[in-house]
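This structure is in structure tokens; I'll ask about it shortly.
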Amino acid sequence: MRAAPGGLRRTGVLYAGGLALFLVGAFPLLWMLSTALKPSSEIFATPPTLVPVKSTLENFTRLFAETSFLTYFRNSVVVSFATVLLTLSVSAAGAYGLTRCAFAGREKVAGLILMTYMFSPIMIIIPFYILVKRLGLVNTHLALVLSYTTFCLPFCLWLLRSFFQSIPLELEEAALVDGAGLGRAVWYVVLPLALPGIIAAGIFTFILAWNDFLFALVLITSEELKTLPVGVNDLFNATIVDWGMIMAAGVVITVPTIAFFVAVQRYLIQGWGAGGVKG
Amino acid sequence: MKQRALLGWLLLAPSLLLIGGLVVFPIGYNVWLSLYDKHAFMPVQTFVGLKHYVYFAHDPEFWSSVRYGAIYTGSTLCLQLVLGIGAALLLNEAFVGRGLLRGVVLFPYMIPTIVAVILWKWLLNDSYGLVNHLLVSSHLARAPLAWLGPDYIMWSLIFTSVWQFFPFVVVAYLARLQTIPPELYEAAKVDGAGAWGRFVHVTLPQTRNVLFVIVLLRSIFMFTKFDTVWLMAGEGGVSRYIRTLPVYAYARSFTYLQAGMGAALAVIMFAMLLVISAVYFRLLRDEESTA
Amino acid sequence: MAKRRRSSTISRRRFLADSVTGAAAAAVFGRAPAVLGQQTRELQVWHTEVEPQTVKTIQDTSIAEFEKKFPGFKVKQQALGWGDLNTKLLAALAAGSPPDLTHLNPFMTASLYVKGQIRPMDELIRALGEKDIHEATLKLQYFDGKYYGVTHAMGATYFAERRDLREQKGLKAPETYEDMLKLAAALTDDKRYAVQMPGEKLYMGFVHPAEWLAGNGGSWVDAKTWRPQLNSRAMLESLEYLQKLNKYMPQGWSGQKYLDTLAALSTGKIAMAYLSGARTIGYIERYAPENMRDPEHFQPMLRPHGPSGKVGISALDGENWAVFTQSKYPNESFEFLRLFYKKENYLPYCHSVPIHLSPIFKSMLNDPEYLANPRIKKWKSWHDVMIAGLNQQRFLPIGFSRPEDNLLPFLAELDGSGIVADMVVEVMVGGKNPKAEADRAQKRAEELLTQLGHKRWS
């Protein structure tokens, strides 16, 4: 790590900025946690207190006892992981094809992929539902996985393509010369080098799948198959809006994403840098 | 190398199949539907050609949505850039706790939109919200401000959106920053450039390409953003003050129950983005290739 | 070192990939029956009562009995907020596969009827007892001589006031707009506002305007020509009254929701909630100071009337069940409803959210077993105000400005367009000129009705 070059003023600015950034990122979530730990009587107190006067876990226990939140949690995990798996496989294959294989129309395909984002998802929902109905996939997790995969694909293709482009062809050719088939060359040479990009794509996909609300609302009709965002929304629509429980739900939803991210974040930034957009 | 080309198409096939089936079909459906009059309750429609497009050209609500959409997209884009680039520059420096901070700064992007909106609506509430409490008790404001009322709702929305999405800019920009060779900065310092000078003459040119992509992607995403806007105030009394194009398109289809007109609005949005992107590419691509 | 890291990375990745594949396979194939086709048949029932105890009650009573009676069937109930139900319903209708049985708002049912989307249910109504169903809801879905819907439960809405505060000031319950303004002025001080209206399009742009029109001698449209009457005298007088009332409401009211107003009432920030159903009781029991959780402090009030009207009208909440023409199992849907309304099932259903879910049967409203519910006993005055109001015909279904509005096929679209909500917010919060805004809304409404093909005026 480079030593911070001179100047007390510079260090001061750095730390002030760092503190501000920390507050921006973390404070609202800390407030959410704080509210989740307050009993009903304290939630509407004025002046509001940051650290609960009387902290309690009752919002969390109520959340798990009175609602099907554990089920929603399990469903979200299953759907998100399945989506990440499918998206990474399909986009890695596609990105590899776009990069390594010369064929007519290759550049056009890249542009087309971007265009698919220019249509607001809200307008896609009804024809999408019709299509899913025709395929007989209404009210299945598979439908969700397919729709999330489809939305992440363009971005992941674009991202992975730029990573693959930065991996020298010579490495692969060396493996081929050594007698490895194309599959092994890719698996053992290309993919590890592109791992950071793959992880970045994986995180983007996970977040999108974990956090989607609209498609889960329309495509899923059974209580047992609902995902977390729909569950939170139900709480918000309940007769008595239980702010404590809602904030507890928010905490429950956010923690795994953050944990997942903290586990892999090294690769993310390092990877973005190494592979990076050409320039 | 025909075998190679075939392999290329094969590898790309699953992606094209999924995107084709699950995105191109809905887009095509909307384009088709925009030429018809269809009530959302009915499975039948009547052909009306370009009637909806002509109608919207004269619809004051349409132009008002374009205006709100432009304000929303422009403001969130600029603020995301400023905040994101600033944060990335900061996180590029070496200091204790940088690793932790890099993680923390990404929190807003991780949480579901509905949680983010609920959280900020709770913080900005004019009766129980913490923000007003802090403003009043520190004498920055005389009375609680109606952050979710008509005067400030657009700003609250912009603020929430910037908070939610600026980490995207941070990640992309920081990744690129980390690969800029330090020698370039040394050389600039030797030439007598101060911090600002180094930014303008070294950082900006080096990050031009990633900025190009970031601006393009963020603009597209913010222009078509629906859930943050809708969840914040879509069904509220103040909805007219944040009625951007995606919200208006949704309303026409789902609440006015005029599906054909909603589809036309979606197509108009798509066309607008296409044109603007084409112009953007044309203008800036030339510069990029020489970088 | 790089090599070691790579191989550990690969083996880690492989492990992750394998476990994920396993999870994914389990997820996909665990759901396979749904994809491949099941033995049991599913009856899709959608409704808007999201309270967990209501959902559980339906499951344990009506659904349990139905599934015993029809062994090949499973009933899938979905409880959704109204906005979500609307979104899903539209997607389902577009795909040609609506649920078998659903709640609809009365103002939507006419629209669906006119398009031939719902089935008649005369047999069911006769089985339930035409004479026993309360007149306030019986004929709401009576089109061209047949019944097309039956209300699931009634819930009156009104003002909820801090009666102790009003009596302290020695004022009587307001009967006219002028009375209301005087009361609001008296109840506003630096610690509290007099009243708060929900800042939601549905209420300020549809439910309440219908009440204002009804209570001031007006109506949404002309009875014969269906021409909108948004700039009629009835509306203009109401807008002027509301512009004045706005002074006594919290500044940010238009950004807050209906449930926020109930919380504000319970915690003493306002003296009257403009809109209040029996849900308010739940809020009072949870958030009001302990010594105030009773009808002595919180009481319902019926609405005042305007200068051009004779009696104030409040909205009566009550979605109706409807069976779609395209329903897969219509006969079973009607059977389900028969079981739903059986006293052993219907009574616990109504008790799951007392007073908010009041039975549609006159016999049950007076039934001692029904009235013995502790919450109904404690808050009996709320129940009595509703009964009195029903008898005096002070209620109209949500969104109706006259009883005959049930025949208008465009109320859902008018509500959804937000035309009236825009007008109200510009006048009340924006302080704009009522006549100008009303004229603009009138123009937009005429245009909308024309686009929908309902123009009968010239």
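Labels for the chains are A, B and C, by order of writing; each one numbers its residues from 1.
The rule we apply is simple: contacts are C-beta pairs under 8 Å (C-beta built on N, C-alpha and C of every residue); 3 or more make two chains touch, one makes a residue touch a chain.
Source: prediction; values computed, not measured.
Enquirer: For the protein chains shown, what form does their contact graph take: line, ring, star, complete or other?
Expert: The chain contacts form a complete graph, every chain touching every other.
Enquirer: Measuring between Cα centroids, which chain is at the maximum distance from chain A?
Expert: So the chain farthest away from chain A turns out to be C.
Enquirer: If you average the CA atoms of chain B and of chain C, how many Å lie between those two points?
Expert: Whole-Å distance between the two chain centres: 34.
Enquirer: Using Cα averages as centroids, what's the distance between chain A and chain B in whole Å?
Expert: Chain centres of chain A and chain B, defined by C-alpha means, are spaced 16 Å apart.
Enquirer: Can you list every residue of chain B that touches 2 or more other chains, as numbers and ranges?
Expert: Residues 253, 259 of chain B each touch two or more of the other chains.
Enquirer: Could you check chain C for residues that touch two or more other chains and list them?
Expert: Expected reply: 87, 90, 94, 96.
Enquirer: Multi-chain contacts only, two chains or more: what residues does chain A have there?
Expert: 44, 126, 130, 233
Enquirer: Please give the residue numbers of chain B that touch chain C in the complex, ascending.
Expert: Touching chain C: residues 39-43, 125-127, 144-150, 153, 233, 235-240, 251, 253-259, 261 of chain B.
Enquirer: Taking the complex as given, what residues does chain B use to touch chain A?
Expert: These residues of chain B touch chain A: 1, 4-12, 14-16, 18-19, 21-27, 29-30, 86-87, 90-91, 93-95, 97-98, 101-115, 118-120, 122-123, 128-130, 133, 137, 163, 167, 171-172, 174-179, 206-210, 213, 217, 220-221, 224, 226-227, 246, 249-250, 253, 259, 262-263, 266, 269-270, 273-274, 277, 288, 291.
Enquirer: Would you tell me which residues of chain C are touching chain B in their complex?
Expert: Of all residues in chain C, those touching chain B are 83, 86-87, 90, 93-94, 96, 111-112, 115, 117, 198-202, 204-205, 250-257, 260, 264, 269, 412-413, 415-418, 421-422, 424-426, 429-430, 448, 451-452.
Enquirer: State the interface residues of chain C toward chain A in the complex, per the touch definition above.
Expert: The contact residues of chain C facing chain A are 6, 9-10, 13, 17, 20-21, 23-24, 26-28, 31, 34-35, 44, 50-52, 76, 78-81, 84, 87-88, 90-92, 94-97, 259, 263, 267, 279, 282-283, 286-287, 353, 356.
Enquirer: Considering only the defined contacts, which chain A positions touch chain B in the complex?
Expert: Interface residues on chain A, with respect to chain B: 1-4, 11, 14-15, 17-18, 21-22, 24-26, 28-29, 31-32, 35, 43-44, 46-48, 90-91, 93-94, 96-98, 100-104, 106, 109, 113-124, 126-128, 130-131, 146-147, 149-151, 153-155, 157, 200, 207, 210-214, 228-229, 232-233, 236, 243, 246-247, 249-250, 253-254, 257-258, 261-262, 265, 268-274, 276-279.
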